[in-house]
Amino acid sequence: MLKVALLGAGRIAQVHARHIHDHPDTTLYSVSDIYAEAASTLAEKYAARVLSADEAIADPQVDVVLVATSTDTHAGFSLQAARAGKAIFCEKPIDLNIERVKSCVAEIKALGVPFMIGFNRRFDPNHAHLNRALRGGEIGELEHLQICSRDPSPLPDDYLLVSGGMFRDMTIHDFDMARFQLGEEPVSVSAIASALVSPTVKAAGDVDTAVITLQTASGKIAVINNSRRSGYGYDQRIEAHGQKGCLYVHNVPTTTLVKVTEEFGAQAQKPLHFFLERYQEAFSEQWKAFVAALKDNRPVPTNADDGLRALLLAEAAIESFKTQKVVSVNLEE
Amino acid sequence: MLKVALLGAGRIAQVHARHIHDHPDTTLYSVSDIYAEAASTLAEKYAARVLSADEAIADPQVDVVLVATSTDTHAGFSLQAARAGKAIFCEKPIDLNIERVKSCVAEIKALGVPFMIGFNRRFDPNHAHLNRALRGGEIGELEHLQICSRDPSPLPDDYLLVSGGMFRDMTIHDFDMARFQLGEEPVSVSAIASALVSPTVKAAGDVDTAVITLQTASGKIAVINNSRRSGYGYDQRIEAHGQKGCLYVHNVPTTTLVKVTEEFGAQAQKPLHFFLERYQEAFSEQWKAFVAALKDNRPVPTNADDGLRALLLAEAAIESFKTQKVVSVNLEE
Amino acid sequence: MLKVALLGAGRIAQVHARHIHDHPDTTLYSVSDIYAEAASTLAEKYAARVLSADEAIADPQVDVVLVATSTDTHAGFSLQAARAGKAIFCEKPIDLNIERVKSCVAEIKALGVPFMIGFNRRFDPNHAHLNRALRGGEIGELEHLQICSRDPSPLPDDYLLVSGGMFRDMTIHDFDMARFQLGEEPVSVSAIASALVSPTVKAAGDVDTAVITLQTASGKIAVINNSRRSGYGYDQRIEAHGQKGCLYVHNVPTTTLVKVTEEFGAQAQKPLHFFLERYQEAFSEQWKAFVAALKDNRPVPTNADDGLRALLLAEAAIESFKTQKVVSVNLEE
Amino acid sequence: MLKVALLGAGRIAQVHARHIHDHPDTTLYSVSDIYAEAASTLAEKYAARVLSADEAIADPQVDVVLVATSTDTHAGFSLQAARAGKAIFCEKPIDLNIERVKSCVAEIKALGVPFMIGFNRRFDPNHAHLNRALRGGEIGELEHLQICSRDPSPLPDDYLLVSGGMFRDMTIHDFDMARFQLGEEPVSVSAIASALVSPTVKAAGDVDTAVITLQTASGKIAVINNSRRSGYGYDQRIEAHGQKGCLYVHNVPTTTLVKVTEEFGAQAQKPLHFFLERYQEAFSEQWKAFVAALKDNRPVPTNADDGLRALLLAEAAIESFKTQKVVSVNLEE
C-alpha cells in the first residue's frame, strides 16, 4: 500500500484525494495546505493526518508526494520531494517560467525519481480510445489533427491575470494532446489570436480566442482552436484525418435524453459542463496509470519532458503571435 | 414514349404530373378532373390536353391511365381502364369496401393488364435501403420489426370522417411496409387503440392512437405505432432486429444544421414536415419503377394483391380492436 | 452511520458492497453467503465481518439488511429481517410465486419497516431525466410510451430454466419502468411472443422475443419489446410521445469515438455491454435514494407494492399470451 | 421565358442544362462545345440547337450566356457576352491569372450587364440555413468559423497539373464560403500546407493538405482545412462559434440507415459522395436565385467582385505559404 502525501486541499486536490482513497493500492497518508481548515476538512474525510508540506515531504513513511498546490509552488515542492527520494505526481504546469522548468526538469531527471505530470486528458476514455485507434493504424498514416478546446466561460479575472496567458495556461493541455495523438514532434508553430471575450484579458494584452497550427517534419498538420468561452458548456472534441479515413471524438452529453417538438426541433443535451465532469474518469484513470507504473517499475506515461515540451510549444505560439511568423521549434534537443 | 392519361388534378396528381414530365420515357397526354379549372391549370403547365375521364380512358393514344382521383372512384376507373386494355397506376386504396376490392382485383387479374397500386413508401431510398439490407442477410434472420408512423397533425375533420377509419386510411401504408420488410406474410393481427387526439374522431367511434402487432408463421413479430398527431412533424422510422444485429431507418431532418446553446442544448432540425416532403423522392422512384416494369414486360413491384392484402390486415385490426382478441388471417388463400 | 448486513456475495452483492462503502453515511458491517469463501473475500475487501444470514439479521448492531441472495430466498430473508425490525433493501423479485409475494408484501406492510425493492433502472440518470421531463409536462399529456429492452445474449441455460420465464424475469423491469414513466396504472395487458433465440427456452415452452402492450384507463398505451438476444449489446431505450412532442432516451455508447471510412461508413460505438456497465450509476443512485429516504424518514422510492404490481403485470402477460386475448388488471385493489 | 445559350457540354454544363430546362422561366436555347458530338447529344436531349460559341453570343434571341467551358476560356467568353449585352452566368473561376481577373471584372462592371459567378455552395440548403441563422443573430456575434472541405480522392493528375494549384482551384470555394458566413472581409491570411496525398502534386511543388487561417479587422477568425483526399467521401462541414453558442453544418448521409452489430458497432452511412451529389440542390437553387435577380432587376447574389476577392485570398495564401508569414490583404480597395 503506497502512502501518499497530498500537498494542497483545493478543488483538484479533493479530486485526487478521492481517487487515492478508492484505489486498492494507495492510501491518503496526509494532507497539507496553507489554509489549515481546508487541510483538516479534507484529511478528516479520509482519516488522514494534517502535516505541513515540509513535514510531509520529510516523513519517511511517505512513498508518494502529490503536488496540487498553486502553480508557483509546483517546481519548489517537486524538487524538494525529488531530493527526499519520493515518487512525485505534479499537477501541470511545472512552472510558468521556461528557464525554471528546464532547470527543474534537469535536476529531477538527474535524481532519477519517478515524476509524473498531470496531463489528465490523455486518460479520458474517449481520447485514449482515439489514441489506440491511431497507433493501431485504423486510418493509416495520420495527416491532419484538429483539436477543439473551449471553456464554458472565462475563469475569474484574478485567475486570468496570473495564469501566464492563454497559451501557457489553457492551450498547454492541447499542445500535450497534439503531441500525444500526432505521435511525432511538431517542428513549427503558428498562432493567430484575438481578444473577443473578456475585456480584462484584452486590457492585459492577452488573448482569449485563438487558432494555433503545428506542423511536423513529415508534414502532418495539427490545428487547435481555443476560446475562453464557448457559450454552451465545455467543448472538447478531436478530429483525426488519415490516409484511410477519419476519427472523431465527440463531446459527452449530460444525459442521452432528446426532445423533439414543433417549436424547437430535436434537442439533445449539452456537453458535460466543465473539466470536473468531463474528465472525472480521466482523473481516476490517470491515478491508476501512475500507480501501475510505480508498482511495475515502468516509466510513467507523462513525464517531466512532456511538461517541458508542452511549455516550449506555448512559448513558440506566443512568439508566433507577436511576430506574425511561423516559428520553428526543436523539442528533442 | 408512353402517353399517360392522368385522372385527377389535386395535390397527389400534381406530384405525379411532374414525375411523368421529368421521366424521359413518359409524357403527360391528358388531365381529367371534375373541377375543370384544376384540370386546365395542370394541363397547361405541361402542355397536355384536358379530357373527361371517359374520353381519356377511351382514347386509343393513351398507354397508361393514372388514377389519382377521390378514393370512391379508384375501383371504377381502374376497372374501366383495365377493360380498355390500358396499363394502370392506381393510388391506394383500391376501395374501402373489402368485398368491392376483392371483386375488382379478381377482374383486373383476369384481364391481365399491368396494374400497380401506389404504395410509394417502399420506394423511399431509406426504406428501400433497409429492404436491400434485410434481403441481403445483413442482420441474419429478421425477428422483430418496428414501424413508427405518426402524422404531424390530424387531417381536416371532413376528411377523417370519410377516411374509412385510421386502420384503413393510415395504417394501411404501414401494413404494406410490414409485409415488404418482413418478407413473410402475417398470420395474426392484434390491435390496441385509443382516441386521444381528435374529439371528432372520438365522437365518430374511431381511434387516432394505436399499436398493432402482427406475427408470422415462423414467429417474426412486427409492431406498428400510429398517431394522427406527433406534435413535431412527420415521424417515419423503422427498426428491424435480427439474429446478428439491428437496422434503423431514421427520419430525414430538414437541414443538417445543429445549434448548441447554454439555454436549449444541441438543437437539430425537425424531420421533414409531411409526406410530400419526406416521400418526394419516393414518388419519383415509384414512377421510374412502374415505367421500367412496363418497358421490360416485368411484373410491377406493388400489384393488386398488395392492395388487397394490406386492406385485409386493416379489417383484421378492426376486428381485433373490437373483440379484444388476436385475429388470425390468411392472406395467401 | 448506518450499518448494513449484506446477504449474498455474488455479482450484484459486490456492486452493492462498493456503493455501501463509498456512501458517506453507510458502512458494510457484515457479509453472508452460503459459499464461505465468497463471503470472506468480499468482507475482507471492505474490512467487514463474515456472519451467517441468521446471525446478521439478529445482530442488534445492524440497521439495514440488504437481500442480494438467490431469488427463492428473497421473501424469507425479507420477512425475517422485517420481523427483526430492520430496514430492508431487497433485490427484485420478492418471489416468483404471486401468492407468496402477496402474503409477504402484506406482512411487511403490516410490520411497518422501510422496505425497498431493487428496481435500479428508475435511477439511471437518463431514465430519471425522462421522468422529470414527463412529470414537468415538457411534452404535455403522455399518449404513447415505448420501451426497448433487449439483452446482449441469452443468459446460461440453467439460469433461464429457473428464471420463472421471460415475463417474470426480464419484462418485470420493463413493467416497472412503464408504471414509472406512465404515471398511471395499466388496466389491460396484451402479449404476443415467440421463441426465436434459444432452443432451450423453446423446448421449455417459454419465449425469448415478445411485444407486450399495456393500456391505462385514460387510454395511454405503452408497448414493451423484449429479446433475450440483441446481437449488438444491451439495448435500453425509451420513447415517450405526448401532446406536444416526443422524448427519447438513447443508449449510452462505450466511448464517443466515431470512425468514418470508405468501406464501413461512419462507425459509432456499440451501447454499453450489459446492465453492470449501463446501470453502474443507477445502482449508486439507487443506494443514495434509499439512504436518503431512511435518513429523512420519507417513504422509499420503490416499495413492496411496486414489487407486487410489476409481478401482477407479468402474470397478466402470461395469461394474455396463453389465451390470445387482452387481459384486464386492477393493480390498485 | 429567358433563352439561355449554354457554352460547354461537359459534366457541369449538363447539370446546368437540366436546371435551365426544369425552371419554369428559362429555356435551353442552344448548346456550344468544341466537341461537336457532346454539344449535339446534350442539345438533342432538351430540344435545343447546336451553335458555335460565337454564333450563340451574337444571337439576338439569346438573353443569357452561361459559361461552363474550360477555365482558360471563362474570361474571354464572359467579356464577349458582356459586350454583346447579355446577362452572364460564369462558372468559377473567372481566370487563374489575377491581373486578367482584375481587368475582366473592371470591364464587366463598366458594361453594367448582370454577371453572376458560380459559387454554388452558398445555395446549399444547409449552408444557406447557417447563413440565415448567423445573420439572424442566433448565436450573437460570430467569433470563430471553421470550414472543413475535403475531396473524396484526388482528381486526375492532368487536371491537378493545370488547376492553378490547390489554393486557387479548391480552397477558392472555401474562401468564398468564409466571406459569405463571416459577413466581414478578412484582412489577413496565413497558410500552412503539406503534400501528403499525391506524388504528382508533390513533384509539381504544389500541396494537397492545408490549414488556412483568416482574420478580420474586428478579430473574427476563420480556419479552413483542405485535403485532396478524405478517404471516406466528400467532407463538407462548417462550424460557427459565437457569443451565445455554436452552429454546425453536418454532412448529408446517403441514406438514414444505421446498422448496429456486435462486430462493427453502429454504422451510419457515409456522406454523399462528391459535389454532384452533395450540391445537386445547390446548383438548382443557384439557378433559381440568378433568374429571380434577373427578373426582379436586383443585383445577383454572387457577383464579379466575389470572384475577384476569393482569388485575391488565394494569392495571399500562396504568398503566406511561401514566406511563412501572415499576409495582409485589402479586399475592398
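Order of writing sets the labels: A, B, C and D. Residues in every chain begin at 1.
Rule of thumb we're sticking to: a contact is a pair of C-beta atoms (placed from the backbone, for glycine too) under 8 Å apart; a residue touches a chain by one contact, two chains touch by 3 or more.
Bear in mind that the values here come from a model prediction, so they are computed numbers and not experimental data.
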| item | value |
| --- | --- |
| Pair of chains joined by more contacts [C-beta pairs], A-B or A-D | A-D |
| Chain at maximum distance from chain A, centres defined as averaged CA atoms | B |
| Approximate Å spacing (C-alpha centroids) for the pair chain A, chain D | 41 |
| Distance from chain B to chain A - Cα centre to Cα centre, in angstrom | 57 |
| Per-residue overlap in chain D, given as positions that touch at least 2 other chains | 139, 231-232, 244-246, 260-262 |
| Chain contact topology (line, ring, star, complete or other) | complete |
| Residues of chain A defined as touching chain B within the complex | 231-233, 253, 260-262, 264-271 |
| Residues on chain C engaged by chain A in the complex (per definition of touch) | 22, 45, 125-126, 129-130, 133, 138-139, 244-252, 255-262 |
| Complex contact set, residues of chain C against chain B | 139-141, 143-144, 146, 148, 150, 188, 190, 192-197, 209-211, 213, 215, 219-221, 223, 225, 227, 229-232, 235, 239, 241-246, 324-326 |
